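In what follows, structures are represented as structure tokens.
Both of the next two complexes hold chain A, though its partner changes from chain B to chain C.
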Partner chain A sequence: MSETWMIFGGWVAAGLTLFLFSFLYKDNPFFKATEHLYLGAGMGWVFQTVLYQTWIPKVWEPLRAGDFYVLIPTVLGLSLVTQFFPRISWVSRYGFTFIMGYGSGLVIPLTLSTDFLKQIGGTISPFLVSEVSRATFWPLLNGAIVAAGFVCVLVYFFFSVEHKGAIKKASTVGIYFLMLYFGAAFGNTVMGRFSLLYGRFDDLYKYSGAKYFYATHVILAALVLYFVISHFTSRKKEAEEEAA
Partner chain B sequence: MLKTRLNLSFFTVLFAASAVSAAVPASTKNIPTAPDLSGFAAADMPYDKGEAVLVSWPAGPADVPGAVYQVYASSGAAWLKAEEFPAEKKFAADFELPFWAWSHDKAKHAVQLELPQLFSDFKTGMEYSFKVKYVNGKVTAESAPVKAAPKADLFNLARLNNLVLLLVIIVVFFWTVSHAKRKGLFIRRIAGLDAIDEAIGRATEMGRPIFYSTGIGAMSSVPTIASTSILAEVAKKVAQYDTQLKVPHFDPIVMTVCKEVVKQAYMEMERLDSYRDDINFFVSQDQFSYAASVDGMIHREKPAACFFIGHFMAESLLLAEVGATTGAIQIAGTEQESQLPFFFTSCDYTLIGEELYAAGAYLSKEPMLQSTLKVQDFGKAFVMVSVITGSALVMLATWLKWPLVLKVISHIFKAY
Partner chain C sequence: MTFIKKHIPLALCFIFGVLTLGSYYVPNKASENYLEVMNKWENIVAGFAFLLGLFSLFFSHYNKIRRKVDGWGYSLFVFVGFLIMVIPAITSKGIQMDGATLTGLGWNYRFLFNALSGTMFSVLAFYIVSTAYRAFRIKSPQAGVLFAAAFILIVGKVPLGQIMWEKTLGWTHVGISQIVQWLMEVPVVAGRRGIMMGLAIGGIVTGLKIIFGIERQYMGKD
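Let's turn to the complex of A and B:
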């Protein structure tokens, strides 16, 4: 890639990042333009992914090779498009019925496997120690706390029983366990988001260099200028409207 | 004197003879012997999709440190080395299959060969040849080639525990359906769902729209299915109060299903004249483009209520935060535990995992749906009882050294 294109790319990247961040102040035309550009680019990306990773290798190439069985799922898939034509939109129900059917067929055994068996096996597994002794006391205690917390959380999710007495106490303990987990998950995800933010700041810093003709600084200054002008012009308009 | 000498000579000869006789077996012990590989067999790997073959042969005294087995496979042309491993490893006992589906034999070597990894032109049902070679220094032995064809199995016996569980759930389901029809079922209060009326009432009073997002899940995901059933109830109330509803979509299939759901809700409330086809509209199938666009819409249209119910990932906070800044009453619900904290912090009410699945039954009060809740509760009770008794039994079996009990429990509660 030539130097000119690199600089141009830097300006585009810095500009789009700052335009999106400008939403933190207030809605503005730069944010709107970037939002629509992002939407269009996202759809374009999805379209080419579907075209090159689904249509060509899974429909077009098998058909050219003489495998006409792929026509069955293809026709079922295309039947969904009939939704746009009210007179024949009933055809789409065949496709939907198939999707719902295979979806349920896939999910039910998987749910049984993960929600029941893996969960029970995982909770019991800390108790599978070679012997009960002083050395295994702490792992066993840890396993017992996890098992007790697990049972209490399940009690909280009992819907057909009124939560009072012992059930209420157990469900309250369950809520504490849930909140502990959510707190940890919150911290963990926020850390992840910060690393993404650092990535954007790192790029903005990179594009603020002389090599990119101070792209970040120039665009940021232009944005600030726009907001200052727009602030005064909107105030003037409001005053005129009030006077009228 | 002569007698003494004769005795001495006799004992010397006897000692020498005993030493020689003791030395002969010792020297033969060090000479490696080749194993008998006549028991080598190959067969289709049970309970698979038809891509693997199982080769097996008896273990023996030749399985000493330093010795290796080499397994070869051929599709008709040259032999390919498929596996090589130390002779004292890879037994039938090492397979992670349950006791009801597999014989954990410690006296038999067994190796599972994944044929697509060996042959680029692999076809299920085609016959392949296999042989095993024993190598221990200069001592080698080779089995006669045997043939086997992999085939796909319809039934996976290893998942018998899944099937039994499913059958139990089906029986419990039918029992609870009949019970619910006869006597009705109690469902405890769920605050997030009670707030739906409040949110729609607020939107009606303020004359502002209601935004409902089903998230980024496909129609096959359970939270999305649950979300459509909540949407149906929300749409009924919206139709009743003649409020504005907007449902931006990530997935075109979910959008089409939701269109039908909303239309049906308007029909049930006899307000089909108020139904518009653009209540449900497609936005983007790119996660963050969707989030950016819905954020923009929420910011500009300032809805009175926002519902974020379904499968959400990183866009959860982006959506809920913008909704919170507009002052909308927000009700969220997802099964994604990593996203729930964000909904807690930015929404007024949050449905946690299972509460989302209970919503359809809670709102509609239909006996059929209510009985599914009861079945779920039975499932939870089963899990609780299994965890408590399983843990107690495991502890007891470890204490009293009952390996069989440990094996049975660990195999029953394992997902294969």
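Let's turn to the complex of A and C:
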């Protein structure tokens, strides 16, 4: 890519970023157009990924090499598209049942080993004889807090017994542990979004330099000008409508 | 006809489900080969499943343009965006870098897709904060704990928060980053494990229901 293309890229990136940020002021045509562009570009990105990572290497090339077994998943996959034709939409069940059957068969053992057994293992491991003999006070206390909290959270989700007495107390403690988790998850989400925001501001700053012919400044000024003009024209139109 | 429309698909689901489940617990060459082939097949079927979403989106926006509904002009940008991404991808053969230089696809990813997706998700930062400010009320001790956890985590991860902590509570000789680390490694783990356990049980039960044909909503109406 030539230098001109890179400068043009800076203008495109700065423009699209500012157009999307303009929604923070109010809804406008630039935002709507960019939003739809993102939808199409996102689909285009996934399309090319599927094309070059699935269809060509896993369907087209094996077929050219004489491996006709790939026709089975291809037909199952194409059967899904019959969803758009109501008269034969039942054919899509063959593709869906394959995905659901295989997916379920795969998910059950993986979930059992990672989300179920490993979590129990992680909770009791600090109390194994080999660990206890080496551990100091604080790791053991932390392990006890995790174990107690884990049991209390499970009690909170256990509806087969009435929540009263000791069960109610344990489930109340469980709520506090859940709230700590939700709070931390919220904080992490906020920080994740803000780090993306810093990234966009960093790019806008980069494209505001002389190398990019002050792309950010020019586009921002044009946007502000648009909003000022649109503000006055809409007020004028409202006044005319009121007068009529 | 019910046999072809309903019973054979359900039988396929059962056969693929049981074989895949069994292959995991019966480690031998045949089961390894089976899982490898099925993984490839699943990739192919999932690739075609993407077409469902693509065609659905295209039909929806094509109809908006055809009927000239309000804002139909914006729907054109969906097709423009798609073509802008796909045409350079085809000319670049799906490669982003040619040596040290960007290809058309690489240029699109860097200046178009990256800018769009990064900005779209970063805009949410404003909405998360403003919604939390407007909707969040500390009316119970539980809500207070939630707020405290979020606040400590946010303060602990930014330099300004760390400086403020040092100035006000530095005398305790406990750093905010240490508190965040303890929070993430101890109480948060307990809460997360409980939820993961619930999800695991739910996932396993739903998986079994699908394999045995008890759960069949995904097949649609007859």
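Heads up, the rule we're going with is that the second predicted complex is superposed on the first by the 232 of 244 C-alpha atoms of A that agree within 3 Å, B and C clash if a C-alpha of one lies under 4 Å from a C-alpha of the other, contacts with A are read in each partner's own complex, and residues count from 1 in each chain.
FYI, a contact is a pair of C-beta atoms (placed from the backbone, for glycine too) under 8 Å apart; a residue touches a chain by one contact, two chains touch by 3 or more.
Predicted model, so just to flag it, every value in this text is computed and none were measured.
J.: So, does A:Q48 touch the first partner chain B, the second partner chain C, both, or neither?
T.: Second partner only, chain C.
J.: Quick check for you: in the superposed arrangement, does A:S160 touch first (chain B), second (chain C), both or neither?
T.: First partner only, chain B.
J.: Looking at the overlay, does A:A239 come into contact with chain B only (first), chain C only (second), both, or neither?
T.: neither
J.: Looking at the overlay, does A:F194 come into contact with chain B only (first), chain C only (second), both, or neither?
T.: So A:F194 only meets chain C here.
J.: Please work out whether A:I124 is in contact with chain B alone, chain C alone, both, or neither, and reply first, second, both or neither.
T.: A:I124 contacts chain B only, not chain C.
J.: When the two structures are overlaid on chain A, which partner does A:V132 contact: first (chain B), second (chain C), both, or neither?
T.: So A:V132 only meets chain B here.
J.: Would you mind checking which one, chain B or chain C, touches more residues on chain A?
T.: Looking at chain B versus chain C, the one contacting more residues of chain A is C.
J.: For A:V59, select first, second, both or neither according to whether it touches chain B, chain C, the two together, or no partner.
T.: A:V59: touches chain C, not chain B.
J.: With both complexes superposed on chain A, which partner does A:V228 reach: first (chain B), second (chain C), both or neither?
T.: The answer is neither, since A:V228 touches no partner chain.
J.: Once the shared chain is lined up, is A:F21 touching chain B (first), chain C (second), both, or neither of them?
T.: A:F21: touches chain C, not chain B.
J.: Starting from the residues of chain A touching chain B, keep only those that also touch chain C in the other complex, and list them.
T.: Common interface on chain A, chain B vs chain C: 20, 23, 32, 35, 38-39, 41-43, 45-46, 80, 83, 96, 99-100, 102-104, 106-109, 111-112, 115-116, 119, 123, 147, 150, 154, 157, 178, 181-183, 186, 188-189, 193.
J.: Sort out for me which residues of chain B touch chain A in the complex.
T.: Touch list, chain B to chain A: 159, 161-162, 165-166, 169, 185-188, 190, 218-222, 252-253, 256-257, 259, 283-286, 288-290, 292-293, 295-296, 299-300, 314, 317, 337-338, 340-342, 344-345, 352-355, 358, 362, 373-374, 376-377, 379-380, 382-384, 386-388, 390-391, 394-395, 398-399, 406, 409-410, 413-416.
J.: Which chain A residues qualify as touching chain C in the complex?
T.: 1, 5, 9-10, 12-13, 16-17, 20-21, 23-24, 29, 32-55, 58-59, 69-70, 72-74, 76-78, 80-81, 83-84, 89-90, 93-112, 115-116, 119, 122-123, 142, 145-150, 152-154, 156-157, 174-184, 186-191, 193-194, 196-197, 199-200, 203
J.: What part of chain C is in contact with chain A in the complex they form?
T.: It comes out as residues 5-6, 8-10, 12-21, 23-25, 37-38, 40-57, 59, 71, 74-86, 89-90, 93-94, 101-103, 105-126, 128-129, 132, 141-143, 145-154, 157-158, 182-201, 203-204, 206-208, 210-211, 218-220.
J.: Considering the complex alone, what residue numbers of chain A touch chain B?
T.: Chain A residues touching chain B: 20, 23, 27, 31-32, 35, 38-39, 41-43, 45-46, 80, 83, 92, 96, 99-100, 102-104, 106-109, 111-121, 123-125, 127-132, 140, 143-144, 147, 150-151, 154-155, 157-163, 178, 181-183, 185-186, 188-189, 193.
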